[in-house]
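Both complexes below contain chain A, partnered by chain B and then by chain C.
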Partner chain A sequence: MEVLRRFDRDLLVLAAGVLVLIPVPLFLSGFLLEVAIQTLLFGLLGVAWNLMGGFAGQFSFGHAAFFGIGAYATAVVVTDYGLSPWIGMLLGAALAAAFGVLVGFLSFRYGLKGVFFALATFAFAEMLRLIFRSLEAVNAARGFNIPIQSGNPWLTLQFPQGSPNYYYVILALLALTLLVVILLMRSRAGTFILSIRENEDAAAALGVNPMRYKLLAVAVSAALTAIGGAFYVQYFFFIDPDLAFGAGVSIQILLPAIVGGIGTIWGPVVGALIIIVLGQGSTALVRTPPPFLDVLQGVSGLDVAIYGALIVLVVLFLPRGVFGTLRERLRAA
Partner chain B sequence: MTLLAVQNVSKSFAGLKALQNVSLRVERGSIVGLIGPNGAGKTTLFNVIAGVMKPDAGRVVFDGTDVTGWPAYRIARLGIGRTFQLMKPFDSLSVLDNVTVATLQRHRNRKEAREVAMEVVERLGLGQWANKRASVLSTAGYKRLELAKALGLEPSLLLLDEVLAGLVPSERTRVVELLREIRGEGVTMLLVEHVMSAVMALSDHIHVLHHGEMLASGTPEEVTKDSRVIEAYLGEEEHHAGA
Partner chain C sequence: MTVKGLKVSGRSLALLGLGIAALALLLVWGGEALAWAQDNRVVLVQAVVTGLLLGGVYSLVSMGLTLIFGVLDILNFAHGAFMALAMYASFVLVRNAGFGPYLSLLISVPLLFFIGALVQRVLLDRVMDQPHENQLLLTFGLALLIENVLLMVFTATPRTVEFPYAQTGIPLGITTIQGPLNVFGAVADLPRVIAFLGSLVIAGGLFYLLQRTSLGTAIRAVAENPDGAAMVGIDVRRMHVITFGLGTACVAAAGTLVLPFLSLQPTTGEQFNVIAFVVVVLGGLGNVVGALVGGILIGLVQELGGAFVPGVDKLFFVFVVFVLTLLLRPQGLFGRKS
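On to the complex of A and B.
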């Protein structure tokens, strides 16, 4: 009963959260609106990663592979075929899911677990990065500049700079991602996914096919991540192999869940907010410090160092993540 | 009528012969005990029957179907429930959800699956912990949870690996009563157990494994009188008791 109620509550929180967040562009603009959009994007990526890394317990260090597939599918569909990026997004999601099933099947078939599985996912992402760097069909290392398309901006997903519409699109995509994950985790499949994470042999002894449900989690996680990649391309109008498949991308995707709370619905969203605010805040601090700190002005790399130190503190003192620790405390109280 | 037939099963690990040409039959509706000293191969035999390990030779036939080499999850769905000697709870799930994983196999509707799971949880005296995380349970609680999960499958055959070990005598009596009750509902059981009094009291038939070979089999009375058994197993027990 408790779990059923918990996921019902999650659906209510989701609906309420979306309602609260809809009017945000009325209050934010320019730089702050960009920060909000990035927060929602990394929230989406974190929620998607967490399905596989948190709920299914299969730690991925290579989600850039899925992100990049979504980004590239969109770039190719828009640039080479002049079609709507929404088609690229769907195509990218399907391709990423298929690639995820392939990677997952090979890794699980040979019993890769924990650190070795993480390394395998990293290797697959690197492999894609190197292939795309030398593949002329996708402009090799030059990448893609997204051309301006004519037509309904909601179909071309191209809005003027500073338009709040990007915000609404990513808010809707994040809500969709959360909805998918909440519904999956409260279903029969969700219970099986959790049981496999807890103990694969015991789950199999109760009739659960571990391969099938692990691959399901990987496929859905990959498809949702690719949706984030597609949005990224349409928002920044540019993609290249490093931005799509680089190790840094994989790390950025897994950080929100680690910081916010791995294996919880809301942890990655909270984590994304913390990470983006810390990152952008430390950048702003170094760019225009308050008077008593003006020695900091323009010291290069300092913002990254502050950001890194803050992340270390969070992980050190809140090993279950900010949201995960809060929930634990509330439950104990 | 035979529900489970193990035929000439052998299994080696890196040259160590864990099982050699082992055969046994479990009649429908009976309780069969499997005893033997530590390292005799009892758990290996369970793992072969449950599909965790493939035998090197021999066959496992369940309810007329040759299930040799089937994966564990398919064997479970066919109706063989098992408990693990080293208990494997889903620690971060609630006690009720632990059992729901099993009941979802036969009841696809979640609400129904949870109701059936709740009945099993209550029956095993875990009701007050139903919505608590499994990790709060004591060893005795874990033992009962193992049994609850296996029963949640609504199996026709239960493989019980030391469900009484680690329980105090009063708890043992309760579990033995429960096993009798479950048998009364037509569930067949193969049990590995070190608690002799319980095996003798419950089993219709007993097989004795020793160094991976079937040393003897018969009714509890026959087995306890068998000189080879006394030497190999009961003698050792007495030796332990004396030490």
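On to the complex of A and C.
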């Protein structure tokens, strides 16, 4: 019962959060609006990763595979067929879920756990990257430039630069992702997923089919991640194999959950805020430093170095993430 | 599943299936492939030679990684970054202090041993009892930090170090070895040969250290059973620090040895890091000899795959081998099922 009430509260928080975030574009524009949009995007990706890596306990080091499938499905549907990116988004989500089930089935079938599972997901993502790099049908290493489509901008998901509409789209997608995860985790299936994470043998002994529920978590997580990939393509108008399937992408997807708090609903959103603000802040700092720091002008690497230091510090001092640790402290108090 | 009283596991069935498929492929395409191989003999011999020489370096990188995994149970994502660090250290010594690249080993290896030991002592030692993922993330964060500080200091401009004997050849007592060597019609660049031989020598040294000295015995005891080792008076934490130092020293040696034939960027170590994971899994986690053999195998797979199927990235074949190993023999080629 305690668990049920907690997820009901999560739904309330979600509704309130969306209401609070709707008027944000009235106060932000330009660079700050971009930061807000990226925060929501990586919040979405982090929440999606967290379903598999946190709640289901299957640490994925290759979510770029799902992100890239969503991105490429959208790019192909829009560029080669002139269809709406929403179709690409749905197609990408379905394909990513199927790929996730394939990877998950093979890995679970052969009993891969922990580090081995992480390495396997990493390997599958890298294989996709290398295949796409040499596949002429998807423009090989050149990637896709998304052409400007005519028609209703809400159908083509193309808005003028700096338009707040991107913000509303990604806010809605993030809310949808959170809703899916909250509802899934408070359902019977969600309880089974948690029980398998805690003790797979015990859960199996009680009649829960571990394979089925682990695959469910993987499939939903993959589909949601692909949605993020589809939005990415429509927002940046460009995708190539490294941007879609690179190891760096996998890291960026899992980082919000780690920094915010693995296995919590809100951790990845908090984590995304911290990471994007720090990352974009240091990028901006290097681009136009204040007078007393002008040695930093144009020095590349500082922003990622700060990322690296942040990860080290979080693991050392907040092993349960910012949100996870805070929640624990509050409960203890 | 049981067939005629013999226990048949799904895994062996899968292996059997793969074997049959391979045989069928061989029958169908074998003749053609053979004819192709005869036409392209030089390409193939060259691929074998290049793969072998490169594989030696992979071995050295992977031995450090497998040592760290075997003893500390940490999957080290900063291994490639340590390699880049060692390479930049050598680069600075060659550029600014007039060292020869091979002489700089005397500095880069001890330096990286010290840095590795320090990282274990100050950072990783605090998370030894946390889940694997946290240790993996810590080393990953460290890798980002090292690579990007290198990027800030040296920029992304590719750097090169001259091979010192390119013009003069290597004076060896009465004779002088002029490169490149000719091996059955294939070309073997001298710096690559030196890196290969150097890797073998260092591998031998590491093997001797682990098998024949009391320090090595203590390290192996810690790997086998930390509690038992502590009980007989071995300082487990000290062994962890020394082992991590040894692991980074190995990758430092590898980095300095490849410097004369590889252009250097802050991210140069990354691909070696990835390949070392493949090799370590292939050779069996913690198996130093397995890493040696696995490294050479992966070098061959990469180059032969690239020669047989041009147009596809060479690394693709490495990952195919990786996934097959993970799924079918996660204990490694030489490991026993636990």
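Just so we're on the same page, the second predicted complex is superposed on the first by the 318 of 333 C-alpha atoms of A that agree within 3 Å, B and C clash if a C-alpha of one lies under 4 Å from a C-alpha of the other, contacts with A are read in each partner's own complex, and residues count from 1 in each chain.
We adopt the following convention: a contact is a pair of C-beta atoms (placed from the backbone, for glycine too) under 8 Å apart; a residue touches a chain by one contact, two chains touch by 3 or more.
If you're wondering where the values come from, they're calculated on a predicted model, not measured in any experiment.
Judged by the touch definition given at the top, the superposed model places A:Ala205 against chain B, while chain C stays out of reach. Which of chain B and chain C touches more residues of chain A is settled by the count: it is C.
Contact with neither chain B nor chain C is seen for A:Leu102 once the two complexes are overlaid on the shared chain. Of the two partner chains placed by superposition, A:Val277 touches none, neither chain B nor chain C.
When the two structures are aligned on the shared chain, A:Gly308 is found in touch with chain C, with no touch to chain B.
In the superposed model, A:Thr191 makes contact with chain B only, not with chain C.
Across the superposed pair, chain B and chain C touch chain A at no common residue.
Every residue of chain A that touches chain B in the complex is listed here, in rising order: 1-4, 187-188, 191-192, 194-195, 198-199, 201-210. By the touch rule above, chain B contacts chain A in their complex via residues 50, 52, 71-73, 76-77, 81-82, 84, 88-94, 96-98, 100-102, 104-105, 108, 110, 113-114, 131, 149-150, 152-153. In the complex of the two chains, the chain C residues touching chain A come out as 10-11, 75, 123, 126-127, 130, 132-138, 140-152, 155-156, 266, 274, 277, 281, 311-313, 315-316, 319-320, 322-323, 326-328, 330. Considering their complex, residues 59, 106-107, 109-112, 114-116, 118-120, 123-124, 126-127, 130-131, 133-134, 247, 251, 258, 299-302, 304-305, 307-312, 315-316, 319 of chain A touch chain C.
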